[in-house]
Structure formats: C-alpha cells, structure tokens
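Could you have a look at this structure, given as structure tokens, before my questions?
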Amino acid sequence: LGGESSSATTLTGATNEGVPSNMHLNPMATQNYDWTAGNHIFERFAAYNFSTQEFELAGLEDWSFEDETVTLTLRDDLKWDTGDDVTAGDVITQFRLMEKTNATLWDFTDSVEEGETDKTVVINLSRPSNPEIIKHTLANGDLRIHGYQPVYNEFLDQDASAIQQFEWEDDIHGNGPFTFESKNDQAWTLTRNEHFYNADAIDFDTYELLSRQENTALQQGLMGGELDVVSSLFVPPTIVESFPDHVEEVTLPANWGYGVIFNHDDEDFGNRNVRQAVAHVINRQQVADNAGPRTKNPAPKVTGIAPADQETWLGDDYDRFESYGPDATQSEAAAELLRDAGYSRSDGTWRDGDGNTLGGSYVTPAGWTDWTTATNTVVDQLNSFGFDFEINSLPSGDFYGAYTNSDFAVGAFYWLPGGARSSFPYFPLRWQLNIPDVDGGHNFEEGEYTVPAMDDSGEMTLNPFEEIRSVATMQDDAQVSETITRVAWHNNQNLPILGIVAKQDQSWLTSDEWDVAPAEDSARGIKWPSHWLPKQGQLNPINQ
Amino acid sequence: MVNYYVRRTARVFATIFMVASLTFVLIRLLPGGPYTLLRAQLLRQGVPASEVDARIANLQNIRPDAPLWQQYLDYMMALAQGNLGESISLNEPVVSILASSAPWTVFVVLVSTILVFVIGIFLGALQAYWEGSRFDKLFSGISITLMSVPFYVVAVLALYIFAYQLGWLPTAGTVGNGVERQLSIPFVLSALEHSVLPIFSYTLGAIGGQALAMRGNSIQVLGNDYVQVARLRGLSDRRIATRYVARNAILPMYTGFLLLLGFRLGGTVILEQIFSYTGLGYYLITALNANDYPLMMGTFLVITVALVLGVYIADLTYSKIDPRISAGDSDEAY
Amino acid sequence: MTPDITAQRRHGDPMAATDPILEMRNAKVTYDDGETFVLDDVSMAIERNEVVGVVGESGSGKSMFASAMLDAIPDPGRLSGEILYHKADGTTIDILELSQEELRQFRWEEIAMVFQGAMSSFNPTMKVGGHFRETLKAHDAHVTEGMEFARELLADLYLDPDRVLDSYPHELSGGMQQRALIALSLVLEPNVLVMDEPTAALDLLMQRSILMLLQELQEKYDLTMVFITHDLPLVAALADRMAVMYAFDLIEVAPRDQLIGNSGHPYTRALLNSTPNLDAPLEEMRAIDGQSPAPVNVPSGCSYAPRCPLATDECRSDDPAFYETGPSHSTACHHWEQARETIELNFDAIDTEPLEADTEDDA
Amino acid sequence: MSQSNTRAKPNSRDADAPLVSLENVEVHFEKDQGLFDFFEEPDVVKAVDGISIDIEENDVLALVGESGCGKSTLGKTTIGLQRPTGGTVRYRGQDIWAAKDQTGEIDIPFSEIRSSLQIIHQDPGSSLNPNQRIVDILAQPIKQTHPDIGLSERRERIYSLLERVGMNPAADFADRYPHQLSGGEQQRVALSRALLMNPDLILADEAISALDVSLRVEMMDLMLDLQADFDTSFVFISHDLSNARYFAEHGDGRIGVMYLGEIVEVGPAERLIEDPGHPYTNVLRWATPDLALHATGATEPPMRRIDIPDPVNPPSGCRFHTRCPEAREACRESCPTMDGERGAHRTACFRTQPDHEYWDSAPLDD
Amino acid sequence: MKPTETNGVDWRSESTSAPDVTTRERLREVYDERIHTPLLVAWADWRTRLGFLILGGYLLIALVAVLGLWREPSTSQAPRYLMLFENMNYPLGTTASGTDLAALIIHSTPDILLMITAGAVWATAVAVVIGTVAGYKGGRVDRALMSFSDLVMAIPGLPLVIILAVTLNPQNPILLGIVINISYWAGLGRSLRSQVLTIRENDYVEASRTMGVNTPQIIMKDIIPNLMPYVTVNFVFAARYVMFASVGLYFLGVLPYSTQNWGVTLNLAYSGGALFSWSAAHWLLAPMVAIMGLSLGLILLSQGLDRVFNPRVRTRMSGTSSSTANDNDDDRVTEVL
C-alpha cells in the first residue's frame, strides 16, 4: 500500500498537444485526441523495449501466433476504473470499430472473435503473416485498450464518421494506471486508478498534465522545477548543460529524423545521378553537429533502415552499401555524377544543357527550429558545392501541402516514419517508397527499377514495392532478412528519399523528489518512461 | 442631411460587413486549404490515403469545395444569425471558443492599455511640470530606451526571470490549475496572478511613447493663458495640475486610447504565444497553423468588431467629453 | 496749462502721488539674466481710485508692466525692484517680498488682472460658473454669497447671469467672454484691476461698450484701474491719467487732457498724429517713420532718438530723465518745449462742436 | 465713382457693366445638428441676405459693421471665393459661378476672373506660408500670370515691387521667411502678392486691424498709393469707422454699413459720417474713439442692447429694432428697404421717409 | 493697361537691386536650403545627432555587406559557440551551427534597412496622399477616402500581415516591408487629414486659391511642407513598426524566410536555449542589440527631426537671422535628456 505520507504528492507532467479543454479522450477520433493523457488512462497491449529490443506485455497476459490466427489473452486483473473487468467483448468492440476506420491492424486481419474465455480474443488473419509485423502493430504505443462497451457499443452500427467525430469528454472510463478527474484550459488532472492491477505500486494520488505551447516553456519548466516529467521533448545541448543534475535525460531512438525529399517527377531531381550527387555533397555529420550534436546521429548508410539497426539487419552486406561520405563533402564523386548526367559547372554553379541552374526553392517547415538549422546547413553545403538553392520556409500545413500536392522539387522531410515499428525495416522501407504521410507526393512510381548489383556484377532489376510487401506474409526470418537487404540496397542506390540524420528522442525524469528507476534499468527503454515507469512502481515520490 | 448619429451607426455595420467580406476573401486566398495539415496528420497516423479523404469529408461542416460565392453566402447568412460555424481543427463551435478566449484577451489588453495611459500620462505630466529638470531628462531617456525594446523581448525576459528563475509568478495560462472556473475570489486572484506578466510586458514598452506624447501635450497646455490666469486666481497647484493641465492635455489622447486598444488587440498574437495565454491571439495562431478558416474568421471578426466599436464609441463620446468638439467634428479628432 | 512753467529736472516724477495705492519702483524685467531688459527701470505710482491708461506700441513692454504689478511675469523672466501696495488700513507691503502663499492670497483679493485675449483665459473644458466657484473656494470665500455677487456683476455687465454661468467659454461670443472675464476678476472685490488690452480682439462697438461698463463699475465699486492698450484714443475715454511707454520704459505721464492736448514728448505727439480719427483733416494723419527697437538693440541715450525729428547729439548720448512739463505732467525728453512748438497736433483737441444731438453725453 | 474711363477689356461682354456686380446675393450657412434635433429644420445662418451692390473700376467700397455681421462673407462672395446660395455675382457682366461651372455662354474664362479678384487677409501671420521665403511667396503670382517669365526677371519684378512697398533694400527682405518680418512688413508682402496678380479688385479683409494703431495710416496710405499706380478697386473691410472713413475718403469711394447680413446704409464717406441716415451708423460713430476732449469719456451708447442678436434667428422686421433707440412698433413688423439709385447715399430706415406709418406707431421699450 | 504691360505704370524702372542669379549660385542656394541647413539643424540637437550617427553606423554596416567586405554567413564556417571576442576573427562569436554572428548581423542589415524603408515609405506616402487629398478636397472625396481608411483601420493589423505573408509568401524585403505596413497608413492618413483641415483654413491657402493656383500645387507647396514635421516623425515610427513587427513574426515563426536575418537569428537563439546559458547568450544578444540599436537610432532621430522643418529654427541655425521682429521661440520642441 502507498505510504500515507506521500500519497498526496502530485506528479506533474506536460503536454503540448493543445489546450486540454479543447481535447478529448476518444483515441479513434480524427482530431484532438490527447494521446499524452490517453496513454495514462488506457493500458496498452504490449510495448517494445528499445534497451532489450524485445516486446514486453502490458495489458496482455499472453499473445500467441499461429499461421493464420493470433490469440490475445488479457490480464485477468485488468479492470476498468469502475471495477468491472476488461473483457474480450470490449476489445472486440474496439477492433470492430477499428475496422470501420481502416486501422493498420485490419491490413492483415480478417475477423476477430471471442476466444475460449471472456479474456481471450482471437484474430483471424487474412493470410499468413509475419508475427513481427503483428507484434509491432499491437505494441504500437498509440494503440490502447479503450473499447469501453457502454460507450462504444452504440457506434458499432453507425458510420465511421460517427466514431471519428465522437469527442469523449464525459463519463470517461479507462483501465490504465490513472483515471480522468478533470480538465480545463490549463491542465489535465488525473488520479490514481484504484482498480488498476498494479495500483499498489503507485505511491501518489494525482498526475497533473500541464498544457504548454512552446518547447521553451517545457524546457524552462524542467529547469525551474515546475515539471517532474516530460515524456518527449527536444532540448538543445546548451540547455541540457544548464539543467540541474536531478533532471535526468533518457534518450531513446526516435527512428525518425531529418532527410531530403525529392520530387521524382522533377526534371533534375528525378534523375538518380543528381540525387546521388546531393547525397555525396551533404556532410551528414556536420548537419548533426549543427542541429543537435547530442541527439542527432548521422545515418551511417543512406537507406530505409534506422541507423541503430543497420548493422544488425544488413550483416555482411553492410560494408557494400554506399555511405555517400557521412562526414565529408565528396565533391569529386558528386561532380562526376553530375557531369555524367549532362550538367556542367560554370561560375561556380551547376547548370543543365539549357543553362538553367541546378536548384530552386528548398522547402522547409517554419517553426521547427532544429530543422531550420539542419536546412541552413544542408543548403549551405549544397550551394557552396554549386547548387543554387533558396530556402522556402512554410507553415506546417503548407509544408505538408506542398509535398502532398507534389508542389516542390526538393525539401526537408523525415526519412523514417518513427516509432517502435520503425525498428522493423519492413515499415520504414515500405514507407520510403510510398511516403503515406504525404500521400506519395514525391511521385516515386511503383514499378521495376534497375540498380547496380550488390556484388558489383552488373545490374539488378527489382520491384521494391512488391518485394517489401511480400515481407508481410513471410514467416521465414532468413527470407525476410534477404528481402529487406535487397530493398534496402535499392533504396541506398536509388534514393527515393535521402536520410541525413536520425534523432534520439529525449524523455525527461527528475530525481530530486522522485524515486526513479536507475539509469541502467532497462525499463527506461520503453516509450515513454514517464508513462511506463509509474505503473511499474518505478517512479514514486521519495519518502522523507 | 441625415443625422450624424444615424449615419455613424450605419457605418459601424457597414464597416464590419466590409471587413468580414474582405477577410473572408483573404482567408480563402491562403494556399493549401483548410485540411492540409489534418490530412498530413492522419496520413502520419498511418491512415490510408483513401480513408483520409473519407474522414475529412466526414468532418466537413463548411463546404470548402463549394464555389467561393456560395461559401461566402453561407458564411454571411450564418453570421447574420450569430453563427460563426464550427472550428475545423478543434471541432467546436467557433462562438464557444471565442466566448472562452476573448474575455482573457480583452482583459489583458484593456488593463495594460489603461495602465499604459495612466502611467504614461502621469509620468508625462510630471516631466512636463518639471520640464528640463533632472527628473525630466532621466525619464525622457528611460522613455526612449523603453520604446526601443520590443515587447516580446520584455516578455521573454520577464517570463524567464520572474516566473522560471524566481518563481514569483506562474509561467503560463490564464488561471491556476486547481481553481474552479467560476467567479470567486480564488479565481479572480489566480486570474490576476496569471495576467501580471503578460500585462507587465505588454505595458512596459508602450509607456514611453505615451509619456512623451503626454509630456508634449502638457507643455503645450502649460503655455496657455488660462493656466497662468488660474495661478493668478490663486488656485492650488493640485487643482491646476488636474483640472487644467491634465484634463486639457489628456482629452486629445482620448480617441488615441480607443484606437490603440484595438490596435493592441492584434499584437496579442505574439504575446499570448509566449505566455501560453489562451486568448484570441493564441487561437488565431492555432487557426492559422491549421488553416482553420472558421476559427480564423471568428478571431478576426472579434478583433474587428472591438476595433470598430472602439472608434465608434470614441466618435460618439468625444463630443461629450470634450465640450469644444461638437458631434460630427469628432471623427476628425484622430 | 501754461507752457512756460520752468522746467525742473526732477527725477522720478511719475512717482509723485498724494494717496498712492500701488507704487512701482525701479521695476526691471529680464529674460536673460540682466543682459537685456524688457521692462527697464520703470517707476510709477498709482493713486487710489484713479484710472490710469498706459499706451504704447506692440512689444514696448506694456504686458510686462501689467504683470509686474502682480509679480506675475511669465517664466523664466525675472522681476526686480519694488512693488509697494498700500492697503486700505494704511499698511504697506512689498509684493515682491511676499511668500508663495501670501502672494496667492493677495492676488485677486487685492489686485486682479484681465488678460489680453479672453478666449484663452478660460479653461476650455470648464463651464464659466466653475471658474467663479473655484476662485471663491481657493480664497476661502463664501461660495453662495460669492456667486450671488457674481450674478450681480454679470448683470451689471449686461449679461444673462444664468446663461453665462452655465455655458462653456466657447459657447459665448468674444464680447461676452471678455465681460465674463471682467466679472471673474472682480468676484473677490479687489481694489485694483489691471487690464492688459482687454478689448484688443473685439470690434470697436464692443470695445466701447465694455469701456462704458468699466466706467460704471469703477464708480460703483471704487476701483483703481490700470488699463493697458495700444489704442490711445480708446483709453482716453476712460482714463484720468495716462502714461506712454516706448521701448520698455515710460516716456510721458500726465493727466489725460494734458497728454492729449499738450503732450511734451515727440513720440506721444507723433502717436497722436498717426491715429486715425473721425475729425482730423485726412491729409494730416501721418505715420511714424521707422520701427521701435527690440530689447537687444535699444539705443543708448534716448531710445526714441533714431526716429525723432528733434534728436540731437545730447539725445543720443544722454538718456533723458523726467522733466516736469506741467501740473503732474512728466516728460522724458530733452526737447519737450521744442516738441510742443514744432510738432503740430493735427486734430483740434479743445474746440470742437459737440457731436450729434441725439448722443447723450451725460457721463 | 469718379473715374469711369474703364479699361476696355478685349473680351468683355459688356463694356459698361460694372467691374463686379452683386444682385440680390444670399449666403446661407447650415449648422450641424446634435443628437436630438434630427427631425428639426437645420439651423441656418444668413450671413449675407439679399445684398445688391456694384463695384466699378478704380472704386473703393469700405464695409463696416460689427463682428459676425457678414462683412467677410460678403467680401469673399464679391471676389468669387464664396459661392452664394442665392443671387448672382457678375464680373464685367459675366456670371462668375457660371464661368466656374462652365454653364451657359462664357465670355470671360474663370481663370481670368480668378486672377482679377484678389484678397489681403487680416492676420498677416497666417496669410503667408511660413515655409516659404518671401521671394518664393511672391514668385507664385508671377508664375501664375506670366508662366513664361524667366527666373531673373521674376526676381527683378519682385525686388522692384518690394522696394515700391517700402521694403528697402529688397534683397535683404526677399530671402527671409515670413516670421522674420514684422507684422507691418508681412502685410506689405501680402499686398504685394495680391498686386502681382495684376488684379482689378482687391478685398482687404480687416487688412489693418491687426496692426498697431500707429501703423495703420501708413498701410492705408500705401494701399491707396498703389491703387493709383495699379488701377485697382478695393473692398475694404473694417470695424473701425475712422479707418473706413480715411480709406474711403482718400480713395474717393463709399462706405457700406452692414448689420446682420444686410447693408443698412451706403454712401460717400464724408456724407455718411456727417449725416448718418441709419441709427446703426450713429452707433458706429459713437463707438469710434475720438481725441476731441469733450467727446472723450465713456458715454451711454445710442442703443438699447449691447449684444448683437443671434444670426440664426434674426429679429423680424427691421433687424436692428431690438437695439435701436428709435425703434417703434412698425419696425418690428415690416422691414425697411433701401431706396434710391445705386451709387447714391441710401439708407434702409423708415425714418428717412417722412410720411411712413412709423411715425405713428408706438415706441418700443424693453 | 495693366501695370506690367507697356503703357501701365512701369514700376519696374525703380528696380535697383535685383541681382542676376547664375545657375551655380542657384544650385548652391538649393544645396544650402535643402541639405546643408537641415543637416545643420538636425546636427545641433544631440538626439538627432546621435540618431544620425547610429543610423549612419547601420548604413555603413549595410555597405560592408553590399561590398562584400565581410564574409557571408554560412553554417559550419567557424567553431561552434565561440563567445564574444573569444576569437577576433569572429568578434561577435558564433552560433550553435558555427555561423559567424557578425556575418549574420552584417549581411541581414541591407535587407532589414530596405524592408523598413520600403514599409515606411509606403505607409507615409499613402497616408500623405490620402490624408491631404481627403482633407483638402473635402466633400465626397473626403468621405469616400475616409470610409476606406476606416475600413482598413478596422482590419486587425498584425493578423492581417500574417495572412498576407502566408498568402503572398514575400521573399523580397521591399515587398515584405510593404506587406507589414499594408494597413499602417490608415491611422496616419486620418490624422494627417485632420491636420490638413486646420492647415487649409490658413489664409495663405486661401490666398493661393485666390491666385488660381491649382490643387496639386497647393497641396505640394502650402499643405505638405507644413505636415513634414509630423510626417517625418511618423515615417520613423512606421519604420520602427516594420522592424518590430517583422522580428516578432519571424520570432513567432509565421513569416516565411529565405535567408537569415535578425528575427530568425533571435528565434533560433531563443529556441536554442541561448537565454539560459552564458555560453550562448551572445547569440541572443547580438540580434537583440542590433534591433534595439536601430530602433533607438530611429527614435532619437524622430525626437529632433521636427525641428528640421521649422523655418524658425532653420533660419537661426543657418545664421541668416537678421530678424527685426518677433522671433520669440515657438520652437519649443520637446527637449529630451
């Protein structure tokens, strides 16, 4: 039982999703679901631990994978905050609603049904599937067990739009470590869920999530002691240095980062030589150093695999992959490529046959300050090599709009989709080919491509789209690995998008008033520590 | 000849109508359309493209694809009924967002503008009274220096020092977290506490200009015969300072006050962002970033109406306040 | 007025008075700490209950003279000398020695002043009545009684008291404002009323009407009045005694008839001759050549010498003191006798037929 | 009008027409309304109400009257600066406002009329642009009338005129700003500016009132002097009968006495003063200070009230009846008109008509 | 007939002293009048003098940038986080991405100056045209123009700028300056109009009209010169507004930018934590000082500029004052400090 003395303590976190009074807790809604709050209120199925690179079960007691079925067993003691059990019926309701909204789960799912007990759920797959993909889908941090039947049942026979527009603001019931107490324009107030299976391990009553707009506000909050935890916040090195000692940083691979996106319909940048030249010119290490030396790593190889996983996945082939000079500007190589493609350099600027300079406007999002620095660096590098770029910063909406509408030639874009899933190369490689975030606006056409063979023996032709899709149904690890290597090689050579740096997410804990899991504890490897640790009893007030 | 007051009142509505139309068109000119950001968000969440379109279609309470004139008519009709539509990004009636945010902005702007005037007038009058003294020189110097510091610089520094470093004042928001949102003493106190920094930073820099203006006005008034006569008549210095100098120097600044009030409503865009102060300016940026047309229009409209009413009130009341001006002249006062 | 009274050089003659109420001794005003003077060593005594008219052209220091009597020189001017005020009870005070508070009480209760330009003498944002009330309050007078008196004064001045008191200054015509200001100056029943061009901005009809009213007031309330103007004939209607200012100093002081009919100073005579008037033969009206000096270049010797037809070397080197040139008649000119002889007056001061019969001149 | 040897203007329609002729001219100003009098008739100030008068070549007309009686308005209407709300103003037979609006047959273009009728204002300080040097101020009229005159000739003309008006040496004054001149000098510059336009008529609106008494004669002399040189007519506005007398007498012209928008008496200067026909003229006489010792001393005015009535609601009948010492019932009821031929001494008062019912009605006294 | 015609009175014959003015003399006069004396007047006031010096400094800096006398800013051109004066090659230190701060400041200056000048010229020019025409013409023209400026004034300024900036995406500093001040003229135009209403009542305007001078000329010669003190002061304020607004909007991240400038630098420095750490403070300080210095210069200049247009002060300063009459100072310009 929680110590009496500290039970009144409040853990203070923060969200910058939006003003809480405008937000709600229906994870299936199109907009304004506050995931930071939701993550505390709804338990997840499972989680991926970046430290151990393994999955850990949370709301599930067990999951098992057969050829065409997946069986999920809910924890016996998983209860709603009303005290009622979370049942298979709840989960099935949720999954059925997710079918209406075309969630990823249903990419490979044919149907769901109750298993033997009211705590088991059986997922019937449409085809044999790679369990890794299913695990990642289920362990996705955004997928929460929230299908509280009294609330959600009524949507089963309504249109998808009904559930997508439903704002869950009254009578909210969750099953996570905390329950919804109140919200206003300032903060969410959550209290410990006494029915949570591990409630006894949580030694404090209240969890307050303040709403802040600017990163600087969160940084200053940590510095001044206003905040106890922040789940994810970019903090530049100078500020990290000025943080007091008790502010602890947990870095986790974001599998996300700054890259260069090309419009493949563009006359110049649709040309592979030009893309490769760009890759040669950019000094990725320098970009990382300028934009955030502590939290950004240059991608060692330019392909669709997260930097940390590249060696593991590519194995012996790793060295064959073109590095494009991660810490140098390889002007010679770049120049040769451009000359081969029919460009020539005059007055320090590269021009095509018609005398047009090679460059144009370089799209970058306004207000993403670390990206601004990266863009400045990249553009400086390119221009001093002889490209002719001008930065064109756009507000977020227009920024995405430009890409979605293919209204650009070159710009900044993240080259990995991010999240735990990105650790499994199937996701990022596929993502790079069709970048769903911008609706494939980079115009990388589905079809066959010819690239040099991996073993220098001429050329190879492949359809990267088809190949990567096939991974989803592969059960054999070796086969998976080989296919992934081939597609990665294609991406490395053909550069559908150019990865520059990968980012480390920074998550923040404080240890002056809180007893947190020690630095080496692998429990810190799950996103986000501020969400995961409290319910494990690994983040509690220090008893005086 | 139509009566001045009738004409003036008609003009208020005409102006609001025109501005509403103008901003409507302007906002529709924004590149991208209202759903670009949402589309990107949904795509990022892994929602397939086809589904994204369906979802967005589900959301549409305005018709962004209808012809512009159709949208315009719809909008104006709704507007006439006091309906500003639904915010696209917040999925809430714009009216209710404005109702909850406008009071904060109005409060901060009003209080700070009043402070600017009161302090500026006070300092300026003192400077004029002791024209040429060390006090005068010192404060003129301070005024000029203050004028050269943009308010957001003050805001950022004040926030850092007084809220984060010294912890004297809250760092963000309009009211303390634990405080019930209803009119009560704790609520008022907390609201005041939260408004100190925004008001302070929005006030400090602007004082300089007003002080200099007041100083100039007062010096001019002090040179008038009636001040000299008042002295000879044996009136006390205090009465001369208030009833003669201050009053006559302040009157010309009156319309300026109401205009400035409106002008400064627009400046909250930056201020509220820095202090996470959920007022009009804050939502305007939210709306802008999300291309949320209805919300943008709504915030615009509120600011416009405030401005137009300010000028209107100034016009109508100036002749009441300054006996020298007769109604109809007063719109020449600024 | 026999012209052959032996002239005696007597200094400070304008000071001679039997029952002076106000004596100005060696008053000097400077704006640059003694470099130049805009009132240059002026001495004059004012008899109780007399009306003194002071004339002089623009910039000659008339306003300085007037302000000096209340120690009210506008900043940053500095006044030195003595301004003695003889109270009715026989005590004498030097106004320049008074403390701030004493001065505040003294002004308006003993000496009041009406300014050049009534338009600007009222606070534009206060009703006329407010001016009266606050003046009474400031002097701890009984407000209701005071206001009664104010009404009486306004009625004396042919104004509708209720309407005037309830109006803002700009709602009154110039003539009404000027009369209201006169009433305001009298509300505390002062003994001396100093008026600095009180009528300059008005048309003649109003000027004359006000003058007539002033005369009535003077008689009714036993006022001592100092009336300053650049319009010599205007003040002639009212004044018992007249003084002429030129270049920041008095040059001639005499009883009204003396000054008009028998002045001794060439400037005064020229001034009289240059004044348009209804009777003088038109051909003889003549302007005075040249211009009066600015404070920075007042000539040494007689300041009028550069413009004077009679000027000699003596005039240019030696500033003339006052000569007694008649009964209570003082003239600061070395050649006053010559002036009377050579400078003809172009109007007939003494023998003219009365005006029209329908003008009752029984005043 | 002594000199009728009018200069024949080549394009003048009617060589015998007076220089400027006013026919039943009215100027009415509407006053702004307040909040509560929306449904009421707007207040109208009848600044000029039905005046007919002719001004010949080389003529002088001195207008006298109290402040607010409409002297300036009449003057400005005469020189075409104020559009009359009724009646016509003709320049050498040409309707000025028809010329301006280009209606009807136009014999004399408006631009020519415009430059022929000039003005000198009362306040010398505000009549000169403080930002221009005297030469530049005086160059404007030459540029206006003779655009082809070169720089040095322009200067030459300006200099000679400056010397002519007594500003010697001209070079010394020409480069000054107005504030560097005394009031009298400023007024001379204003006069020069008007003269450089080569006008037929100059309106001198209280042109000497702001000057020191001692300077007034000088200024009037100068104007009269130049009238001879330049062949101009003058409309001379003053509230001072003695100035009007001086000017009109020397210029061999007339004095017109105005009261509340009407001319109540007009006639040759000396006769009007010696033998005033209208009681109001008599009032003005009373108001004119005099150095004759017997007349000094403030006397009771020959009128019953001091203040001029509100021009918004002028009294009925004879407008002066509220103040007139001779007023009788008849004056309240009907309005006397001015009879007699134009140019002669005329008076609008019943007292000039020996057999008028006036003589039988009861005197007014309130 | 007329005196100037041959058979009139030839008053020209009296002419004695009319000098022959050569073009050279004329030019010299114009120089004295329009340049020398105003400068002298401005220089005599320490505030304007200081203002001039400060602005001159900025112009020099701009010149340095234009002539390329200082290196272009570029990322990674120097070690990161050099402090103030730590390395005299980079006197102002460097940013987190190794950009020379001095280069950043210097090379942003021309654009900023262009921007604020463009914005101020736009605002004052439109205001002067609208204000004088409305004020002088009166009547229907006046009503139309004033209704229009009321309308413009009613549109909230900063938000409008944001929308326009996003819509037009102006990269050109001149365009950007104009966009920022797009509606600034309205208030100014209104107050100019009311001044014109007063000025046009002056007798000299009536005199010009009586002479038949046409309206544009009256406006140019009689009206505008009298507005100049007010106009210049407001020109300076408009310039200051452009700078404050632009930096604020850059700071907010809502203005598109193509190159580095003070606002962007400020934004990057702030979000890069320069406020919290001494080692980066110079990064924030440099643009802040640049902004405040320029605005201080502008304000100081405005404080004394009205004197330049006061003929009384001008004549006194040029030493030509031989005034006989009332030269009593009504140039009581607010003396500060």
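By written order: A, B, C, D and E. Residues from 1 in each chain.
Keep in mind that, in the parts below, a contact is a pair of C-beta atoms (placed from the backbone, for glycine too) under 8 Å apart; a residue touches a chain by one contact, two chains touch by 3 or more.
Note that the structure is predicted; figures quoted are calculated from it, not measured.
Enquirer: Expressed in steps between touching chains, what is the minimal separation of subunit D and subunit E?
Expert: 1
Enquirer: With respect to inter-chain C-beta contacts, which pair, A-B or A-E, contains the greater number?
Expert: More contacting C-beta pairs are found at A-B.
Enquirer: Just how far, in Å, is the C-alpha centre of subunit D from the one of subunit A?
Expert: About 91 Å, centre to centre.
Enquirer: Could you tell me the distance, in whole angstrom, between the mean C-alpha positions of subunit B and subunit E?
Expert: The separation of the two C-alpha centroids amounts to 26 Å.
Enquirer: Using mean CA coordinates as chain centres, what's the gap between subunit C and subunit D in Å?
Expert: Between these chains, centre-to-centre, one finds 32 Å.
Enquirer: I'd like the Å distance between the centres of subunit B and subunit C, where a centre is the mean of that chain's Cα atoms.
Expert: 57
Enquirer: If you look at subunit C, which of its residues touch at least two other chains?
Expert: 291
Enquirer: At least two other chains touched by the same residue of subunit D: list those residues.
Expert: 182-183
Enquirer: In subunit A, which residues are in touch with two or more of the other chains?
Expert: Only 220, 223, 395, 398 qualify.
Enquirer: Mind listing the subunit B positions that touch subunit E in their complex?
Expert: Checking each residue of subunit B against subunit E gives 11, 14-16, 18-19, 22-23, 26-27, 29-31, 131-132, 137, 140-141, 143-145, 147-150, 152-153, 156-157, 160, 212, 215-216, 219, 223, 259, 262-263, 265-267, 269-270, 273, 284-285, 288, 296, 299-300, 303-304, 307-308, 311, 331-334.
Enquirer: Hey, which residues of subunit E end up touching subunit A in the complex?
Expert: 74-76, 80-81, 96-99, 166, 169, 171, 253-260, 264, 267-268, 270-277, 279-280
Enquirer: What does subunit E use to touch subunit B in their complex?
Expert: Residues 146-147, 150-151, 153-160, 162-164, 166-167, 169, 187, 190-191, 193-194, 197, 240, 244, 247-249, 251-252, 254, 270, 275-276, 288, 291-293, 295-296, 298-300, 303, 332, 334-337.
Enquirer: Spell out the residues on subunit C that touch subunit D in their complex, using ranges where they run on.
Expert: Per the touch definition, subunit C meets subunit D at residues 57-58, 158, 173-176, 202-209, 211-212, 214-215, 230-234, 236-238, 256-257, 260-261, 270-272, 274-280, 282, 285-288, 291, 347-350, 352, 354-356, 358-363.
Enquirer: Over in the complex, which subunit B residues touch subunit A? Could you list them?
Expert: 31-33, 36-49, 51-52, 54-56, 58-59, 89-92, 97, 100, 159-160, 163-165, 167, 171-178, 181, 273-274, 276, 278, 282, 286, 288-291
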